[in-house]
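Written out below as structure tokens is the structure these notes cover.
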Amino acid sequence: MPGAVSRRAVETPLRRIAGDFASDAIAMAGLALLCAIIAAALLAPFISPQNPYDLSQLDVMEGRLPPGSPAPHGVYWLGTDDQGRDMLSAILYGLRISLGVGVVATGFALVIGLVMGLTAASMGGRMEALIMRVVDIQLSFPAILIALILLAVLGQGTGKIVLALVTVQWAYYARTVRSAALVEQRKEYMEAARGLGLRPARIVFRHLLPNCLPPMIVVATVQVASAIALEATLSFLGLGLPITEPSLGLLIANGYQYLLSGKYWISFFPGIALVCTILSINLVADQLRDVLNPRLQR
Amino acid sequence: MLAFIIRRSLQSVAVLVAMSLLVFVGVYAVGNPIDILINPQADQIEREHAIAALGLDRSLPEQYLSFVTGAAHGDLGRSFVHSTPALSLILERMPATMELALAAMVIAIVLGIPLGLWAGLKPRSIAGRAIMAGSILGFSLPTFWVGLMLIMVFSVMLGWLPSSGRGPTVDLFGVIPVSFLSLEGWRHLALPAINLALFKLALLIRLTRAGAREALLQDYVKFARAKGLTNARIIGVHVLRNILIPIVTVIGLELGSVIAFAIVTESVFAWPGMGKLLIDSIGLLDRPVIVAYLLIIVTLFIIINLVVDILYSALDPRVRVTESKG
Amino acid sequence: MSVPLLEVEGLRTHFFTKAGVVKAVDDVSFTVSKGEVLGLVGESGSGKTMIGYSIMGLIDPPGRIVSGRIVLGGRDLRALSPEALRQLRGNRIAMIFQDPMMTLNPVLRIDVQMVETILAHESLPRAAAMERSRAALVRVGIPSPDERLSAYPHQFSGGMRQRVAIAIALLNNPDLIIADEPTTALDVTIQGQILYEMQKLTRETGAAMIWVTHDLAVVAGLADRVCVMYAGRIVEEGTVADVIERPVHPYTQGLLDSVPSRTARGVRLKPIQGMAPSLADLPLGCAFRDRCGRSIDACLGAPETRMVGDLSRGRAVRCHNPLPPVAVLE
């Protein structure tokens, strides 16, 4: 019996979540793929065959070579683009940019959404009505339309696309946080915390915030994927990142004109990298949603 | 019901006015169209002529005021580039976008609801799992890249279908040019429509599946079985009628998003719709066209939301009653 | 004794879950004669509802009828094809559920839900089916039936909805009605009305009924015979008078002792100690052993069903150490 008790004590929420998460093979495969992609992006300067943006290493004569062509450094496994750039290297560097933009934008949006949502939930009244009204109106328009308007207004640039992504996303977090916070506020431990005379800030940060986290984690995971997809789409349309910051979307756009002449690899492989990134994040998010949802716990 | 519609319509007008102001201020504060539109070799007098002709010398509030009075008369300004009224420029392109969006929506509905139903009724079967896996994939594939791959496979490699344009159009009712009335038009419509449908298809599959699984657990399904109804009737009437309510709502709301997303598909397939016009106009800083496009799409959205709300209350008897009481 | 309408013999319905096999119904046998009302009494989770679903053929995976026979009017229901079983459901056997707020489809009109029940079993002109539906509503005491037919469920109160559900069950004049706690979710006054109506209707139509409930008081006023269930098994069976006045199983005795009664004011209630065991993890031997004041060594072995007292009265008990049939008669 004491053995049973101590075993129970070791069963922390984190361990339970990790255990539940690991119970699905497809989700684990998604997680493994995601880890591999992140590692590849972080290590790009060390593992890619060439620095795709060091012009001295490029040779236009080597342009548009199909996958498997011999290269000075070995083999162009995924072919080259029109400027003779090794596609594998370009993709690894592109992943860095795509992931970076997605994560940074999600981070900012998360913070802004959290602050707005918690403000709405804890202040109530007019402030809440105002914030939620803006959220509602914004969410009734598709993200891509809002991002396009902003970029049409602001012009191009890395900072501007991050701003556009943040503007598109904060509303999702604000809504999620507010509804989670409203549910939490009605629970008894919140009454108890207030009854103990804790300062409001302490209540919000020590009690409300941790309990809003599970739904936020799920939303944030999904939103990183959609931020990456949206950035790629905008870059493809020529409204996203500048040519000096070639994300995966830009690489794909770059290969568009050669696609019709059968030189598929310039668009195809960056696309595969993009799909794998988004897919792996979505698989992880799907499983997280199930694991973190108390209603679905068996 | 009438009071409800009037209240909702007033709300919609308020949103429209707010959006027009935001859009106008935003777009008219962008860059400097003078540099783009006027020949750099032009002398000072020519420049001033052009600026006056385009109304660019006036203050922003003045420009907005003239814009609003114009808009009230159906005049959203003239395109800097095409020198034609922006409104008619967009309306000319609208049938192409609408045809594409509706075709995509029809594909998504016709395939999505039955597939989602199947996956919901038999979640553990191989087909059920395959449908779900496909829908996760559908969510993860960026529309523009799928478009490129469709072109690569069906146009370049197999040579079955054209990769761009709308093909010959036939006038429906003598006024609306459409592609779907001719075989050649169908061939042009096929790839863009499939491309645009994919994401919504994935969405509808998930939605229908979740709805079906939820409905199957309800007592009224068990009671329907206890009444000795056939499976076809239970699924086709009892289950479907219940999940149709959220589905119709989402389909309505997604119609707007499909029109917005057509921007991407139109760019990939050079489909001559409003979305491609918008991208071209953004590139050329053709502000009247951008503003007109945004106002038209906002109006479209507001109308769609309104129609969905009304449809929703027509479908769900519970909502209908509370509304008529209120 | 006449040939029974329904004969259930050795029925076992098990659920194969991740946590183990849940023996919801475990070796259950009973009969119901024509026009008879059988009360099936047990705590929640004792498997009584699953008996109803087993007869109806409504057990869903991971549940399955493992063994046993269910014979209705000479036909073994377990041997029937799904289609033949469907034709019996809602036609020869009808079922009424616990929560009337959930059983009617919220988005279909009452007439649709009634007419489809008739048309699922016979081809009839719509107008005739409509007329029969109208008559059924009248029969269960629903005022202005024409108006009610074209209404939606949410326009009815809970009691009215349960009347509609009863009217639907009666539409095809079934031989057997399985009523699964149909009054539990209702107010006490409505409960009384519904009980009265059901009694009257079964008498009028000659339908037999299985009334599933956790409430011995309800059964006392309604049923002819009672089966008491504990942990998926029938532990005592007999006429209402016998079981309620002279219980022989310690569990039945415990149930009766934990009900406050008017006649024994001031007498201390004696609730049954402990909790009902999990059906997934039943103790060996008698499942009631740990909570029983009369348990003996023999209770470590599973008790068999034994007839007690006068054979013609159909008294049976499943206990190694039953109370003497006269225990309460002092």
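A, B and C label the chains in the order they appear, each numbered from 1.
Simple rule for what comes next: contacts are C-beta pairs under 8 Å (C-beta built on N, C-alpha and C of every residue); 3 or more make two chains touch, one makes a residue touch a chain.
Quantities reported herein were computed from a predicted structural model and do not represent experimental measurements.
Among the chain pairs here, which one is joined by the most contacts?
Maximum number of inter-chain contact pairs occurs for A-B.
Going by average Cα coordinates, which chain is farthest removed from subunit A?
The most remote chain is C.
When the C-alpha atoms of subunit A and subunit B are each averaged to a single point, how far apart are the two points in Å?
25
Would you kindly tell me how far, in whole Å, the mean C-alpha position of subunit C lies from that of subunit B?
About 54 Å separates the centre of subunit B from that of subunit C.
Using the touch rule from the top of the page, what residues of subunit A touch 2 or more other chains?
Expected reply: no residues.
Applying the document's contact rule, which stretches of subunit C touch subunit B when the two form their complex?
56, 58, 86-91, 94-95, 97, 99, 102-108, 116-117, 120-121, 152, 154-155, 165, 168
What residues of subunit A sit close enough to touch subunit B in their complex?
Result: residues 137, 140-142, 144-145, 148-155, 225, 229, 232-233, 236-239, 249, 252, 256, 259-262, 264, 267-268, 271, 274-275, 278-279, 282-283, 286 of subunit A touch subunit B.
Under the definition above, what is the set of subunit B residues touching subunit C in their complex?
Per the touch definition, subunit B meets subunit C at residues 218-220, 222-230, 233, 237-238, 241-242, 245, 315-318, 321.
Which residues of subunit B touch subunit A once you look at their complex with the stated criterion?
Answer in residue numbers: 15, 23, 26-27, 29-31, 136-137, 139-145, 148-149, 151-152, 155-157, 163, 253, 256-257, 260-261, 263-264, 267-268, 278-279, 282-283, 290, 294, 297-298, 301, 305.
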